[in-house]
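Let me begin by handing over the structure; questions about it come next.
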């Protein structure tokens, strides 16, 4: 997903200022038509979310509210359970992000800086692990989590969410460390800095935006997760928003749609915001060898 | 990059790698191995198999092979991947990225606006995507899609009851299209413009350019995306489970839901693990292809 | 509910519950999130040394609301005995299948609530897994158990090891509901049909006059567990063959009775009385019970007592005006005629976790839940009958004469106690009946398919065949 930054940046710096000529007319009109149709396809489903969230009498149907209100949001935060769901999501995704940043920064740094036997197979192995979907291993994962006493615990879900995002984020981190020339580091050693000192004081600040971006991408993944908490968390005080939405949705009737839409909105905002921020952070760094990550 | 020269370096490498490897090993690799082990048992979450799981040899695999529900679920999943991921996301995503990309003789306006719009579904959690589409696709006359149909005196259509498979496929396109467009946009941006200019000078028509210049050069990126989206779509669970829970009947029971149902609805952990192992084996094909492509790219 | 549970072909295990509760869920179950009840605040219950807090897991708004309303009475009753017991209500997910998943995961991980409720079909599996507390001696020491609970329901609680692990919460009575008005208008007799043939002949006569399918025994995969518990089993119990042999604990997957049942499905299909088309579509009960029956096209259908309230009652899913004049019930006829019967069986039960730290207090709670005013209110909430004979005068149950009348039938009702593997059998029956009603197979062919499929699903050690 980081590619977008490359795209944006490339376009921005591309000095092709010419206006299009030639076949223009008809072809371009058709192209606009396609793009507008697609934009509608993409945007329209959001209409329910936003309208219902501010509707005092929301339903499952898209309609312009007769009475606009922020009451749904007020209820959400005043209501113990609504607030609890959001807090739980923050704990899971936040915790997973912290774990992720620590472990993938360390591993990414080493993979970027050291050549050692098995480095390349290891990198490719990590890539292959990305192929394993949680759906395939969820049954044994449940059993393992039970045996380790991780069921119905924050730490269990945090660690598993971190593990699921780790391969991708590790590759991203490694890519960012690659962009910091080792010469800068070596210069610091000459000036008497220790290896760790140089890493913390020189490399991390330079790769900092990249590290943050990797963390945010991990956060988004963890924030969205549904299957893992569905299976590992049955204590209703510990379920995250994704499960809360599902439970409310499958209760079918007399659902408070406004409340639900407000919760979904609050749930979407960090995901989109962090994505935008991560994009900027990615732009700020030198998004070099990230193809396919 | 420097070779590891002394024990301190070696210690650093091992020490720094260990936490990440432990995490991934414990929660991804070990469950995959455990899946294989467990698939030879009748371990269950209820009944006698919960108290005393027994070794049952290849029994679960024998059942898998004969299970018609699994067979139809796999076919359904393959179809789901083909329709929504390969055709829907990849082809449409490529076409749109192609339209949006600037090249000699072609430049559209408002592209940053379109780019910003198209990126939206990418960050939306699958549960929210499902919820909004549940509203769109509501089967009564008041559902938005049906209201649109109503303007031409058609419908109402019970999307999630009578056309559940098509509906969830569209939702998956909606959700994954952004990723395709973003990836292909990047590929176009990195495209050597002078090659296209040369082709234009040589008098190649746009379709010739596309077929003879652009596609061959972008082939690796296209293949990489194809592999990635195939893998992800094979493993989809939440998006479809939220909307239909596999129903009506088994119509949308893709393999992720099949596995979940075996393990957590019929509580047959051993059998669910065997189905998981099968899914892993299937995904090994695009997985290895993906890794090889990436290796060539690097 | 409509979308997932009911239509889900293979969701056998939980579906006994699903079908009994469909009406309820339809009528209105408040959402989990906004109303997520963690129990009302209990005023002034500071710990007094031996204070005990029990956890009680249930689901769906009407039942949770009832518990919240009435549990303080239990706490007061305990306080009067000098026991300081409070009950914390935990809310499970609304759909029965999701609820069963949560409960099973809780049991498996050792996090189960002290007391909970589940469909009688789950008792055998939970018992075999060691999740439930043995209640045998406690039940024996409770005078009400032998004194008031219906013998048949008590028998149904006895598990393979001869012990009791559950107390019945409510009982389901299922009969044939028929449109008296339509039959009379068409000059067709309304007295109790004596045999399958008798029933079929009359329904054929109706179908000839109206051109519409007239008789519904749920069949096929779209109805989920309802095909078994609302359709198939009421025919099976009308034959001489057992479906399960308690003596050697094997399923009887081939028998003359099975062949006759599937052949009867074939006859219903070929004569046009069975509404095949709706049965093959999602939510088959909508086009049949909620549309064709109220319209008078469909003339007879199986239904539980809840149909009076939640399907066709004034506030039900598909109200029939003048319900009691237009609709009446028959017992199920048997294959060869003669004796007729109603189905009466345990619906949901109360159970105590084997891991409960407060088994004595939990037992006090279960006894209270299975007694007096709570059982009376609970039966009405669910639209089912009481499981003991001394509730009939208690309000609000006493106001529902059709429930009280149905309850009396428990004394001589037939039922099928769900042994281990029931959900697999339900799956096989769904497939076999589907093959018959689509015309893919004759009744005899489907009987072969059923035998093979059930053997495959249940394992060869757990099945046997009986030749006629």
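Going in written order, the chains are labelled A, B and C, and every chain counts its residues from 1.
Definition applied: a residue touches a chain if its C-beta (ideal position, glycine included) is under 8 Å from a C-beta of that chain, and two chains touch if they have at least 3 such contacts.
The chain list, named the UniProt way, goes like this: B = ABC transmembrane type-1 domain-containing protein.
Only a predicted model underlies this, so the values are computations on that prediction, with no experimental measurement involved.
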Topology of the chain contact graph, where touching chains are joined (line, ring, star, complete, other): complete
Dominant interface by contact count, named by its two chains: A-B
Centrality ranking, top chain (CA atoms only): B
Whole-Å separation of chain centres (CA-atom averages), subunit B against subunit C: 40
Chain centre separation (subunit A, subunit C; CA means) in Å: 45
Length of the line joining the C-alpha centres of subunit A and subunit B, rounded to whole Å: 16
Multi-partner residues of subunit A (each touching 2 or more other chains): 142, 231, 245, 250, 260
Multi-partner residues of subunit B (each touching 2 or more other chains): 245, 264
Residues of subunit C whose C-beta touches two or more other chains: 4, 105, 108
Residues of subunit B touching subunit C in the complex: 44-51, 63, 66, 69, 160-162, 244-250, 261, 264-267
Residue ranges of subunit B in contact with subunit A within the complex: 1-4, 9-10, 12-13, 16-17, 19-21, 23-24, 26-32, 34-35, 38, 43, 92, 95-96, 99-100, 102, 105-108, 111-112, 114-115, 117-129, 131-136, 138, 142-144, 174, 177-179, 182-183, 185-190, 193, 206, 221, 224, 228, 231-232, 234-238, 241-242, 245, 255-256, 259-260, 262-264, 269, 272-273, 276-277, 279-280, 283-284, 286-288, 290-291, 293-295, 297-298
Partner subunit C, residues of subunit A touching it in the complex: 75, 79, 81-82, 85, 142, 146, 151-152, 231, 234-237, 244-245, 247-248, 250-256, 259-260, 263
In the complex, subunit C residues that touch subunit B: 3-4, 7-11, 13-14, 97, 100-101, 104-105, 107-108, 122, 124-126, 128-131, 221-222, 281-283, 420, 423, 456
Complex interface listing, subunit A residues touching subunit B: 1, 3-11, 14, 16, 18-24, 28, 31-32, 34-35, 38-39, 41-49, 52, 59-62, 99, 102-104, 106-107, 109-116, 122, 124, 126-144, 159-160, 162-164, 166-167, 170, 182, 195, 220, 223-224, 226-227, 230-231, 241-242, 245-246, 249-250, 260, 264, 267-268, 271-272, 274-275, 289, 291-292
